[in-house]
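Chain IDs A, B, C and D follow the sequence of writing; residue 1 opens each chain.
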Amino acid sequence: MIAAGSREISDGQAVFAGLGIPQLAVALAQRTHAPHVVVLNEAGVVDPHLIELGVGNADPRHWYGASYFGTFLDVVGMLCQRGVVDVGFLGALEVDAYGNNNSSEVLRDDGGIRRFGGGGGANDIASHAKSTILIVRHERRKLVERLVHNTSPGFLDGGDARARLGLPGGGPSRVLTDKAVFGFDDVTHHIKLLSIHPGVSDEELQAATGFALDIPSGCPRTPPPTDEEVRLVREELDPRRMYVGAF
Amino acid sequence: MTENQAVERSKLTSLAEAAAIVRDEDNLAVGGFACARNAVAFSRELIRQGRRDLTLSGVVLGMEADLLVGAGAVKRLIYGGGSLDRYGPIQCINRAYEQGKIVAEYYSSLAVNFRYLAGALGIPYMPIKSMLGSDLLTRLEQDTAADVVKEGECPFTSEHLVLVRALVPDVTVLQVQMADELGNAQILGPRWDNDEAAKAARQVIVITEELVSTDIIRRQPELTVLPGFRVDAVVHLPFGAHPTSLYRCYDHDADHLKLYVGKARTEAGLEEYLDEYVREPRDHFEYLDRVGGLAHLSTLKADPVLGY
Amino acid sequence: MIAAGSREISDGQAVFAGLGIPQLAVALAQRTHAPHVVVLNEAGVVDPHLIELGVGNADPRHWYGASYFGTFLDVVGMLCQRGVVDVGFLGALEVDAYGNNNSSEVLRDDGGIRRFGGGGGANDIASHAKSTILIVRHERRKLVERLVHNTSPGFLDGGDARARLGLPGGGPSRVLTDKAVFGFDDVTHHIKLLSIHPGVSDEELQAATGFALDIPSGCPRTPPPTDEEVRLVREELDPRRMYVGAF
Amino acid sequence: MTENQAVERSKLTSLAEAAAIVRDEDNLAVGGFACARNAVAFSRELIRQGRRDLTLSGVVLGMEADLLVGAGAVKRLIYGGGSLDRYGPIQCINRAYEQGKIVAEYYSSLAVNFRYLAGALGIPYMPIKSMLGSDLLTRLEQDTAADVVKEGECPFTSEHLVLVRALVPDVTVLQVQMADELGNAQILGPRWDNDEAAKAARQVIVITEELVSTDIIRRQPELTVLPGFRVDAVVHLPFGAHPTSLYRCYDHDADHLKLYVGKARTEAGLEEYLDEYVREPRDHFEYLDRVGGLAHLSTLKADPVLGY
């Protein structure tokens, strides 16, 4: 997922990347094909160059080497809603087949609500970034037909629903899971399988997905991370394995 | 014309007196962001004073808010999210939410910030393009904030918009690195929603690590976060943000945050935590002793180059 | 006018005071009965303590000793429109009998427009400050029946017109001229003569005023500046007579 | 994880190349305020390049704008006012206004700033309470800006409001004290409308007195006025604001301002001024020679304590 995320980033882009996999994906991109990526942090930080990983956006470790300290309004209002953010990575509890996603709450087995911390700026990023990349663990209860809470709209009901409503951003471009990489159809905006990770079978993939998948015969395999990518993440970006157990 | 060094009025006060500015049922904007720059000492004092029925607001809440909700001091939240970063979720808030013990006006964080912005600018509402098409909007309009959130059209472009009403906190509390006794407060590092929350507020309380002379403030007036005359109380308190971090002063206290997250997992555990670290300590300094005293706190001191 | 302006200021107030007489009035108040006055400058400066007079709000001499440097939006939006500014001094080209005033343009003798620089933040201050004090040279073509341009509303047509329209600030409290001091009636909000400067006759006053004045018999005389006020202005505040010729 | 010092792209360019970013008919936001921090060298270069039909905007205009209007480069103004402080009025602008040679959208300065703010925030309009009941509003609604200014009601409180449409400058030019070649620009002293004008703009040009390394910027990122990636060109130019002041670098040039005000009193005088100080000098350095060279400019250098 780190390598796959990294490959979605182009040089020079302005990118929101939260803790964990998104952040490592962006750091990896900076070390390989996209050295001039500008990282944004909702707390009010632009272009940090950290020298050690911290515990989150609020950790000053993630502010080190920044060239801009401002406010949430500066970063999420005057950059993101202003329309100059290229990519936003969003972690999700649930994603549906149009890239709408939930970062608020899920249902417990007993039907009660299990509340998470709340999306924070996730809805703002989903509404305004030129593209978003959704990160979700590939489970049947996470890739779902119907969300418990649509915190961050993707393409709504698909087709031109998003544009018609007037959401300024481009919507999700990718969904990255631990089993596959998805994109979206240009017209219907329905989720579209792009590649399956090595070692995952078609049956396993469908079984772990809460909506029907169209798995083309001969669907490409996701290229595995290169040796250099593995080395960079293990030895330089996350040597203490804070965020990466098995790669 | 010679220099006019007016003898200006001091706003310096004790933590207890500053906390007494907040009344039951007040709308209180808190200034922390997850594990950073929370005015946790101020929350502990509000709990000691038995404050009730507060409305708390913030773009991304942290421990100062979680503790107040856990202690039952809060009836309503206006927020976009919250966490204790990697240490864990805001468990007291999430539990109160799940049990229906608080009303939660749950927005995108930018929408909360826009409500402060309208308050700060003296206008009754702001248009925003976030939240369109989301369940955030549906719930706010239909349930928690029908008098505060509406959909509308741009009078010029006809585009679809969300309109959010101004939020004017009764009190905003800011934890800062440096202030003078007139209330001129300077913040180092990012400031999240602090600028607009403070500029919108009826009253502002500043908790400062360092108390400096106005001449120090005048060396870099660019860093002053709002003019001193808008501030009502200045509290000089070391480690007032503990166990959250204060950039360039001290790091967050990982051990204590883990302890808190462990305790806050259950209501019984939280009560133990509140007894030991909030209710029993006579004052902030006894709290600092209980969390390890100077020997432990010294290990948190920020490296002057790194800032943490 | 300087002494009269000074007396309108109370201690602790937040005050907009432009170049010249307003600024000297506030400086005089700070040296006498109101040491804690906070001066605001639209450029984005709060609480300067200058040590020499400059050429205007944009002159760094007028920023010296400030405790806050921000923006126009901070000062005029987040203080003034926010409703926490007590007094705004406004220089005017024309003032009418309800305190509406013009800082934009006047008519030349040939009927053409004579344009001035524009009001800048004058309208904002007039709209939002808790009170304003208007400064105008006392001439028949300056205290007028009808303005060439209503740049900054006072009480509009009088009565409760201002409040009904929803202008948040309190409107003008005083008009200071080189011949008299005026206030406004609490109900009609029509201009009301409060005192005549020493040495000005009733006839001279009416002749220099473009609307009918109600001059009560025994109208008080404006108290002259005290010796100490004269000394402060001449020796300390404006020793080079940049702004004060004859007092 | 070791430090990632990416080789980032330089935006350093010449004054001529930066001025070429501005096209005829562009909407250009200028960053000066009366006699302070005007990008006058940039205006002179635009005139040398013969730019026409510009729309200029600013809350309080100064010499950079007066010169452009005097040279016939401007067809429309969006402004709240302007002056050369005590040296005199903006005579070229006032003359063009009186003669009907420009369209002047004349607002309260806060309303201009609100138009930038809406642009910066990515929303189509802002509500404001200034201008109600004034002739400013009447003229804008009925004449100069009918598609930009409307009256409306608050959807929550029903109070009467003015609604002003977002202004997104094609280019904003900022004269600053310090910037790196990536575009991270830092401003000392007050910043008037610079923050919102720059954050709203499609393209931003920075004229800087001092060119510094990014490491210097990183010492106080709190002073950076907008992130470098939002900046399109950085021009390193000494005395670029002359004859206006650059706080902490140099004072305004009283003698030259008096000379300008004297010349600008008439169209013929202005033409003489333009010939001598704008059209004839080959470049900025020849201009600096003509105004007195290093011997004269040295007398303007700011005192490090006073800042002027």
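The rule is simple: a residue touches a chain if its C-beta (ideal position, glycine included) is under 8 Å from a C-beta of that chain, and two chains touch if they have at least 3 such contacts.
Here the structure is a predicted model, which means the values were calculated and not measured.
Engineer: Could you see whether A-D or A-B has the larger number of C-beta contact pairs?
Structural biologist: If we tally the contacting C-beta pairs, A-B comes out ahead.
Engineer: Between subunit A and subunit D, what is the gap in Å from one C-alpha centre to the other?
Structural biologist: 39
Engineer: Distance between subunit A and subunit C based on Cα centroids, please, to the nearest Å.
Structural biologist: For subunit A versus subunit C, the centre distance works out to 57 Å.
Engineer: Compute the distance, rounded to whole Å, between the mean C-alpha positions of subunit B and subunit D.
Structural biologist: 37
Engineer: Any idea how many Å lie between the Cα centroids of subunit A and subunit B?
Structural biologist: Inter-chain centre distance comes to 29 Å.
Engineer: Tell me, which residues of subunit D touch at least two other chains?
Structural biologist: Within subunit D, residues 122-123, 128-129, 159, 161, 188-189, 222 contact more than one other chain.
Engineer: Mark out which residues of subunit C touch at least two other chains, giving numbers and ranges.
Structural biologist: Correct list: 45, 69-70, 73, 77, 80-81, 128, 168.
Engineer: Please categorise the chain-chain contact pattern as a line, ring, star, complete graph or other.
Structural biologist: The chain contacts form none of line, ring, star or complete graph.
Engineer: Could you list each pair of chains that touch one another?
Structural biologist: Once each pair is checked, the touching ones are A-B, A-D, B-C, B-D, C-D.
Engineer: Flag every residue of subunit D that touches subunit A in the complex, lowest number first.
Structural biologist: By the definition above, subunit D touches subunit A via 1-9, 119-123, 180, 182, 184, 199-200, 214, 217-218, 221-222, 224, 226-230.
Engineer: Which part of subunit B faces subunit A closely enough to touch in the complex?
Structural biologist: 33-36, 59-60, 62, 79-83, 85-87, 89-90, 93-95, 97-98, 106, 108-111, 113-114, 117, 128-136, 159-161, 188-196, 245, 247, 251-252, 254, 302, 306-308
Engineer: Per the contact definition, I'd like the list of subunit A residues that touch subunit D in the complex.
Structural biologist: 12, 14, 27, 30-31, 35-38, 45-47, 49-53, 65-70, 73-74, 77-84, 128, 168, 236-239
Engineer: In the complex formed with subunit B, which residues of subunit A make contact?
Structural biologist: Interface residues on subunit A, with respect to subunit B: 19, 41-45, 54-61, 63-64, 69-73, 76-77, 80-81, 104, 112-124, 127-128, 147, 149-153, 156, 161-162, 165-168.
Engineer: Where on subunit B does subunit D make contact in their complex?
Structural biologist: Touch list, subunit B to subunit D: 122-129, 147-148, 150, 152, 154-157, 159, 161, 163, 165, 187-189, 222-223.
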